Amino acid sequence: MNPGFLFSQFMGGLTAAMFLFLIASGLSLVFGVMRVLNFAHGSFYMIGAYIAWQVVQWLQPSPERFWPAVLAAAFGVALLGAVVERLLFRFLYDREELYQLLFTYALVLILGDAAKFLWGTQQLSVSRPPVLAGGFELFGTMVPAYNLFIMLFGPLIALAVWLMLTRTTPGRMVRAAALDREMLGALGANVGTLYTGMFALASFLAGLSGALVTPIQSIVPGMDVEIIVQAFIVVVIGGLGSFWGTFLGSVIYGQVLSFGILIFPGFSLFSVFALMAVILILRPWGLLGRPLR
Amino acid sequence: MTERAEIAVGTRPRAAWRVPWTLLIFLAALTLPWIGSRYDTFLGTQIAIYALFAMSLNLLLGTTGLVSFGHAAYFGIGSYGCGILMKTLAVPFWLAFPAAGFIAAAFGLVFGFFCVRLTKIYFAMLTLAFAQIVWAICFKWNDVTGGDQGLPDVPFPNLAWLGSLPGFQHFRIGELFYFLVLVLVAICIAVLRRLTDSPFGRVLTTIRENPERAEFIGVDVRAYELAAFTIAGGFAGLSGALFGIFNRGVFADFVFWSKSADVMIMTILGGIHHFWGPAVGALVLTLLNQQITAYTEYWPFVLGTILVVLLFVFPGGILGALDVALSRVRKQRDA
Amino acid sequence: MLEILGLTKSFSGFVAVSDVSLTVETQQIAAVIGPNGAGKSTLFNLITGHLRPDSGRVLLDGRDITGVQPHETCRMGLGRSFQRTNIFPKLTVFENLQAALLVHYRRGGNFWSRSDALYRDEVEALLVSIGLRDQALSLGGTLSYGNQKQLELGLALASDPQVLLLDEPTAGMSAGETHATIRLLERIAEQRGLTLLFTEHDMEVVFGIAQKIAVLHQGRLIADGAPADVRNDPEVRRIYLGHGLVHA
């Protein structure tokens, strides 16, 4: 167990954590405001990845294909989210939560097959942008530059979103809406637009992380389900609805994933859900959530 | 929806046509192997089993108001329980079947104990977490469950006695098994019916309607929810036991959350506010699935679309929509 | 009959109820009044077991029921009706009451009988006493506000309580409805020998039927006694100046 190896595992855990955070933050945001757990969030992630790949294909000869592709993916998915919310989802707000959840599940089914139809079932991949192609020697191990970028980018996004939520007027309205939607509407705020905007932002984050993950992981059907499960764990650990809880949860879970596999090879399948169960039993509101009782 | 007061206060118009219908459908279903093909009987078996599975879920969903995302766990536990008992331990069906139900109910009791302490989304997530734990164990425990290979070749129960009866002699084991399934499912559904109509069932509905008020009329809400959870688990286990045999093998994907989602969609499709809703949903969804998967591989897309239509246009499910249509007809007739 | 001794409850530093002691005699009609936020609902929740007090005790007919779960306190003879109507909306009025009776008679564990057939006479009697007989088959959720409150009362009565806690029983009612409700309450309390403890904002109601009034302000009990004494209490007058207490 040399320090170089440990360090590389640690870095791997941090990278995974930041991806998870990007995705889970969107999930947490939607839950915090709209009180619904969006199963389709993972699907947005996957669509983001596919769009990024597609744009890279279209821009084929040009060397700097990656960044436009990422932006296209993020905005594309944001648009998709906004459309879904505006045309369909908003009509379910008055209904029981179960119906909202089922709607998001229906989206998972529909988007999953749509992706399969458009892009087939083989693995696709995207190469790293040339500016981040290299790596750095740190503590006796090689850390890819791209991973470092993600590790820095993640917290930056976190900060940006958090600032938006706490310092800007729309952000504060969003938090107020989470507490009392009707009251906010009575105060004249356009709650509908707020929700659409929120959903679009969350989708943006999902699409962004999907696009950013493509150089590291191949794009396959089923990645939507895989990631949403992990996002669930992260928000449960951190506390449903708590923004920094999600960040903390991602960091913790990233390391758990990274080192857990070493200790216990059949790790992810069982332990992931065992962890979730334990937290829900002992402390359902997670590390930073608001206590239920 | 104010009904006109009856002569005796509180008499629900118990429409006289209700009782013969169930019996008639049961008798008609019994004739399926003679009038239909082997494939029809095969489908009928599957529908009957899923109907029971969905109805067990509705004890939680429609009657008590509990949203469980992990109901497939008990289905799977019942399947593995019965399958292992019959295949590995050579236990006869008439012992293995109820045992599977009890094992599933026991798990329902243990998992439920933790779940009922939570509400709403937390409850749902914990049911899902437990179900996935069960799945992971089934998927990995090669020695007992066969791991990702599963438990193939689960034997049929001995139905030679049935096959020797006049008129039954030309049936293969699959068709004979259909009769057994139909009778067992009918018995289980009858028990569930009794349960729902009983004082216990009535208390469950008060929990669904208003858990806080239920507390204040003296209901220990957690205890009742746990009881419902256990019973629902038991019946799910029984349906799973039958399915394992029907499917000629038990596999880990019986427990996967997509199965929980499927049964929930079935229940809602038929209508959670009606006792027979889930059965109707099982029938419709199974038939639809058979038809559509013959033409396209994009069944999830179709299912998702059906679900969306259901949620927006027919939230009460098929039976709910029928109710609305019938009451409109009645209003026009009375006007 | 109902003794409250030194009940205190705070929520993350905010003291909702502070050292409140109150005694309600058997078959007495008592009222708890106070401005909004004075702690009346919290007090009720503490009595019924919905909340655990930080300190203090509640005695029902001599038995300590402090912190006992709501479904237990109900069994022990404490009934409650809620401020916001709290009934079973998709059950009919008949079924609402029948369910309450089933639980009261401990038949909730019965898996076999047909619940429809049970206790029909009692339900009928209850319906008559609360005046909802001709609404028996209406769904709870479709009733008018006033009728829902009557049903609410019926549910509380079904458990055959000795003490009835009523959270703003005439809230949102017109003068006529208020009058009818008060008459109903008085009649039922007398018929069944109930002890009533209620909170109200309508001072006419309070001074109309209460035999004993307790005044809460910011979680503390500032006055407690016969209506005339409370009305003349200088502190009470100070707090309620402009709220109509003076001319009641």
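Letters A, B and C name the chains as they come in the text, with residue numbers starting at 1 for each one.
One rule holds in what follows: a residue touches a chain if its C-beta (ideal position, glycine included) is under 8 Å from a C-beta of that chain, and two chains touch if they have at least 3 such contacts.
Just so we're clear, the structure is a prediction, and the values are computed from it rather than from any experiment.
Asks: Of all chains present, which has the mean Cα position farthest from that of chain C?
Replies: A
Asks: Which chain is the middle one, judged by CA centres?
Replies: B
Asks: Given the contact rule stated at the top, which pair of chains has the most C-beta pairs in contact?
Replies: Top-ranked chain pair by contacting C-beta pairs: B-C.
Asks: Distance between chain B and chain C based on Cα centroids, please, to the nearest Å.
Replies: Between these chains, centre-to-centre, one finds 42 Å.
Asks: How far is the middle of chain A from the middle of chain B, if each middle is the mean of its Cα atoms, in Å?
Replies: 35
Asks: Could you put a whole-Å number on the gap between the CA centroids of chain A and chain C?
Replies: 49
Asks: In chain C, what residues contact two or more other chains?
Replies: Residues of chain C never touch two or more of the other chains.
Asks: Residues of chain B that touch two or more other chains: which are they?
Replies: none
Asks: Once bound in the complex, which stretches of chain C touch chain B?
Replies: So the residues of chain C touching chain B come out as 48, 50, 69-71, 74-75, 79-80, 82, 86-92, 94-95, 98-100, 102-104, 107-116, 118, 120, 123-124, 127, 133-134, 136-140, 142, 155-156, 158-159.
Asks: Could you pull out which chain A residues touch chain B in their complex?
Replies: Residues 37, 88, 91-92, 95, 97-99, 101-103, 105-110, 112-114, 116-117, 229, 232, 236, 240, 266, 269-270, 272-274, 276-277, 280-281, 284, 292 of chain A touch chain B in their complex.
Asks: Which positions of chain B touch chain C when the two form their complex?
Replies: 1-6, 9-10, 12, 194-195, 197-203, 205-206, 209-210, 212-213, 215-221, 224, 273
Asks: Within the complex, which stretch of chain B touches chain A?
Replies: Going by the criterion above, the answer is residues 67, 114, 117-122, 124-126, 129-130, 132-133, 135-137, 139-140, 261, 264-265, 268, 298, 300-301, 303-305, 307-308, 311-312, 315.
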